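In the part that follows, the structures are each spelled out as structure tokens.
Here chain A shows up in two complexes: once beside chain B, once beside chain C.
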Partner chain A sequence: MAIRERDPHTGHMTIGHEWNGITELNRPVPTPVWWFLGAAALFSVVFWVLMPAWPLGDTYTRGLLGVDQRTTVVQKLAEAEQQQAGWRRRIAAADFAEIEADEALMRVVRGAGSALFGDNCSACHGAAGRGGPGYPSLVDDAWLWGGAPESIAETLRVGVNAPHPDTRVSEMPAFGHDQILDREAILQVAAYVRSLAEPVSAAASHSQAVAAGKEIFAANCAACHGDNGQGNSDAGAPNLSDSFWLYGGDPQTVFRTIFYGRKGHMPAWEHRLAELERKILALYIRDLRSWPEGARR
Partner chain B sequence: MFGFHYRLERHSIALAVAIILVASVGGAVEIAPLFTIDETVEHAPDMRLYTPLELAGREVYIREGCYACHSQMIRTLRDEVERYGPYSLAAESQYDHPMLWGSKRTGPDLARIGGKYSDEWHFAHLFNPREVVPESVMPAYRWLSRNELSTDDLGRYLAALRKVGVPYSDDMVAHAADDAHGQATPDSARARGVAGRYGEPTNIRAFDGDPGRLTEMDAVIAYLQILGQLTKAAYGSAPDAGE
Partner chain C sequence: MVAQLTQFERRLALIIAGLMALCGLVLAAFGHRDPIGVHGLIILAAAIGTMFVVISGSFADVPDDSHLGRYYDDPIKVGVVLAMGWAVFAMAVGDWVAWLLAYPEMTFDAAWSGFGRLRPMHTTGIIFGFGGNALIATSFHVMQRTSRARMPDQLSPWFVLLGYNLFCILAVTGYPMGITQSKEYAEPEWYADIWLVIVWVVYLALYLRTLARRQEPHIYVANWYYLAFILVVAVLHIVNNLAMPIALASAKSFPIFAGVQDAMTQWWYGHNAVAFFLTAGFLGMMYYYLPTRSGRPIFSYRLSIISFWGITFFYMWAGSHHLHYTALPHWVQTLGMTFSAMLLVPSWASAGNALLTLNGAWHKVRDDATLRFMMVAAVFYGLSTFEGSFMAIRPVNSLSHYTDWTVAHVHAGALGWVALITFGAIYALVPILWKRQGMYSSALVEVHFWLALAGTLVYVFAMWNSGLVQGLMWRTYSASGTLAYSFVESLVAMHPYYIARAVGGLLFLSGAVVGCINIWMTARHAPGTAQDAVRDRPLVILASRSLEPGE
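== the complex of A and B ==
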């Protein structure tokens, strides 16, 4: 330890330590620092009184302001709902057709729906609602369970093959895997199914298979998909005679669908989204189709 | 007035002890009382236990570092409650050892991801996130569907958790490996064992679509599908929070 000594140039004491020939003057703490320390101490005393602060065994001092983050967020949510009360009430009261005819309300639907769709639906159906293999596009005209807003809202509520007690149930059997049809028969019915969507090209190339496939179809598939493959929205059986394919319309994918079956799953949203939110989403989804390609996010 | 401090500074051990004492004031005042204050952990009588398969998935979640980008903690903020659902309660992670609340939010919060998407979606998304979410920056975890799940240490894992307060029964500990297989093999005798021990609402499915093999993918999806589903306590206390 070095000896504390007086600095000859300034007349102040040094702190008594030397770093490679450099020593430091021992000066008092500047007055403004004392002020800040004092103010901070005073502030904390005031805060202890106002806010939840001190632990007392199995409880704690609550503070005079009674601040609690949980009640704060509940209040904020209630305030937001209050602010939106005007359109919330109108959308809740009106039926789908009235809202769709009301441009002002549809502007609200587009704003609120976009956020809801992005948070909840876009993971499967895509940010633009175009879907993908196994996840239906929401911007085309093909609807497994019907495209009326009431049907969409109901699908949102109960889901498809979901744990919800009222869930929509739909399962395409595994005709090959469960040995209902042999490989040859599946190839024939696949050819027939593809010919429904593209009558000219498919029929020309496999006319024999198509004819055989038609009989197999009538015996095995028509119960759900209809005699002409037009589908049945009560059973969630897709229309096979249009150009929309949920899993893909190439020969391999159609074969795979028939061989292994399909059982799509859409979660039920009744417990996750409020009724009003589901109503907005149903309207938003229907509206999405009318947006020009570039305007969809 | 600095006389004491001058003397303290000149004794390194005493200074170190004094620093530790001062620095622990924050911990003593802010952390320690949480163990004694009654309302820290809410009462959740319907709280379920993680099944062995879900626990194994939790281990994979930790191993792959999912917590580095995904939090499991919905804060008491309006935007988070509107996006993810009711704010997280301490009771919901009372059996989490260690807790995986996280604080880095590169991806979405996962506290209530259970049941939000289908098993098929989780499989596709873990296998290659871009397949279902083109704009995703999440890495692909393809090996999860290749790796067989190791189940032989699950019994000891449950026993260890019991030591820190998770109420697993002897029966659960003894059948841990069987239950892990059973949960991913619906309609089997082992599946009925899982439902009996862990309750009817337990998800019993072939999570990766293949009941024949038990993979790490099965475990991770089983874990993700239970997040936020162990208790309904958060939905009861805050009726407005579902908005």
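== the complex of A and C ==
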């Protein structure tokens, strides 16, 4: 079948084989292909001479430039540390009040804090720190463990109900589930608790229940939440007389909270973030409140 | 299907199915506390189903010798149908996970519906289900035609095709149950891997036996590529899947490699799966269907030679570029990067050889959507191989790695090159197989072409944008030297691109559905050719010595 034919379109001969109608032209490899191949090979050889490239038993050719990815990383980290050294030293040395008063340092806090907060906190507390059911909002005025920068930094360090030796511990008992209070009593105390936050509407509709609930509250709840439900930030007991609710302030949710109890959890960050990073976060979180709604940075 | 088999082949088919049923029964019995038991039942059901088909077909007369004067095309028809079925299934899953990325709450709180389990259903279904069936079907066609010889027997093509699909089913049904080796593109567990080795060895033997019967003095280029595909995939598959099962009644196994050696073995496999499954095999497809459809001689035989050996040699070294800036030693990364750069030359030579072959037939490219599928595929092949070599350069990789740019690159190759060349080949093949004058509707081929091209472009541009935005956000620093963006901010930035990507995927999927309808109508309703094409016959006169029937 080796019959060479001339292709009328290109004028080239075929190589003389034919497979079910397919033929091939006996055309030389276009010169640019050789140039291209030569250039790619030359680039590779030069690169091998300059960089670590070929294995030699238990070692390898190091390359004339002496580049190594390990030393490059170490060097770049040192450079980055150098670049940040100025403000790092100042933030580490100053106390919270001084930093909050220093607009230049607060700009750094907002920049560095944004990425830290986004990567570590926003999964629970939301990208804007507004929280959600069970996850406290960080932009309102209610603080379970105190809103002073030192308190926030300490909460970040040890966490809440976390596996840290100094962890903050807080647990609301399951009054219904553990049969401390019966259903009727829980309904009454729930009505009273709701009346603390919204005195007018709740008191008007359930005045008898509220009165009974007040008694139960004094006996069972006041130890942690205070006589007037104003909360206790040493025990992580929320203020019940403000308009902020961690799990929700509707009758059903308040009932559920009292019946089954609550035990929130926040990780301890001492071994995951450096002290300076936690300090920046505490400052950043306090600063979040002053931002207009919807603003990102 | 069974009517074409000789008496001996029918008995052998029964014995094989019986042995498989036994294996399935053993797995189901001993593994009833493990997901492997479900796979035992699937194997048992497949084997019993096969036995029923073989037994019910065994009453048909044994074929006389006249069929030996024709090519054996029945398994090819089934392969084309299976390929299109897998295409629709796997593209649908792909689009599902694309929407899932844009709306992550779409999992219904179930384990099977998470991204981690659905995503390998998409990749396995599309690469191995769609791509693999298309490769097997077209290779059966190409090896017979370019050898001018019928396949040596009727049983092994069925064993290869159906056995391979059993592997795909075991893979895809395993993921929702949580069965995986956690090796990308090599997820199926040890028992499925062993089964694939058996199937693959029979495939290699079938290909070599057909080539040995060839009536042409030389072996055509397409066969080089198909053979490289079969041979190298066997080597890759065996080495990367070396693993020790924790028990014979358990689906779980552990690889024999550990740490960075395991990572390097995996990406040596992963990159060469791209090279020899998704490139070499489909180049074989292109080298047959593009010249036959355009009626043009190959631009340059010599260029074919350097392309082939360049691709087979350079690709083997390039896998380490998947592990830039990792625990992998720097020198291995340098080698991966430089060989990836050199790889561009034979890749572009192949794409150029295909496009220049069309000189003198460009009017056909304009008029014939089937040929245009193949032309655009060659263009995307050139684009994505350039992109691949570019991304393998370490500093470029530091921007592109772990971003959607990689996803854009993969899909420029998978949609633009692999799927388009396959659709072109299938539209060329279907009228030949079913002996029709042409496809049922060339307008529908045209619709499919534009849907596929639009889908590819929307997908790839969305992911290019998303990848660059991601990569740049991750390396943007503020004046004080801290990262400017948190990770979640880069996720928010990707959201619109993810929606665009899912829309692009939907376009591509609709094109495949249109293709399925067209193929169905062609097989059922298109007008047939008046006479059996005399050229489309093996050279039996010269082949009298290989004419003895199967037993």
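A few points about this structure:
Just so we're on the same page, the second predicted complex is superposed on the first by the 238 of 297 C-alpha atoms of A that agree within 3 Å, B and C clash if a C-alpha of one lies under 4 Å from a C-alpha of the other, contacts with A are read in each partner's own complex, and residues count from 1 in each chain.
The definition used in the following text is that contacts are C-beta pairs under 8 Å (C-beta built on N, C-alpha and C of every residue); 3 or more make two chains touch, one makes a residue touch a chain.
Just so it is clear, the model here is predicted, and its values are computed rather than measured.
Applying the stated contact rule after C-alpha superposition, one finds that A:77 touches chain B and leaves chain C untouched. The partner that reaches more residues of chain A, of the two candidates chain B and chain C, is C. Once the two complexes are overlaid on the shared chain, A:60 sits against chain B and chain C alike.
Of the two partner chains, chain B is the only one that A:266 touches; chain C does not reach it.
Once the two complexes are overlaid on the shared chain, A:7 sits against chain C while remaining clear of chain B. Once chain A of one complex is fitted onto chain A of the other, the partner contacts of A:127 extend to both chain B and chain C.
Residue contacts after overlaying the shared chain place A:19 against chain C, while chain B stays out of touching range. In the superposition on chain A, A:87 makes contact with chain C only, while chain B stays out of contact range.
Residue contacts after overlaying the shared chain place A:43 against chain C, while chain B stays out of touching range. Contacts of A:197 after superposition on the shared chain: neither chain B nor chain C is touched.
Across the two superposed structures, the residue set of chain A contacted by chain B and also by chain C is 1, 54-55, 60, 69-70, 80, 119, 122-123, 127.
Taken together, the chain A residues at the contact with chain B in this complex read 1, 54-55, 57-60, 69-70, 72-74, 76-78, 80-81, 119-120, 122-124, 126-127, 132, 134-135, 163, 264-267, 271-274, 277.
Of all residues in chain B, those touching chain A in their complex are 10, 29, 32-33, 36-39, 76-78, 81-83, 85, 87, 115-121, 124-125, 131-135, 235, 238, 240-243.
Only residues 145-146, 148, 216-218, 220-221, 288, 291-292, 295-304, 306, 310, 325, 329-331, 333-335, 337-339, 341-342, 344-345, 348-349, 352, 359-360, 478-489, 492, 535-536 of chain C touch chain A when the two sit together in their complex. For chain A in complex with chain C, the residues that touch the partner chain are 1-2, 7, 9-10, 14-15, 17-30, 33, 36-37, 40-41, 43-44, 47-48, 51-55, 60-61, 63, 67-70, 80, 83-84, 87, 107-108, 111-112, 114-119, 122-123, 127.
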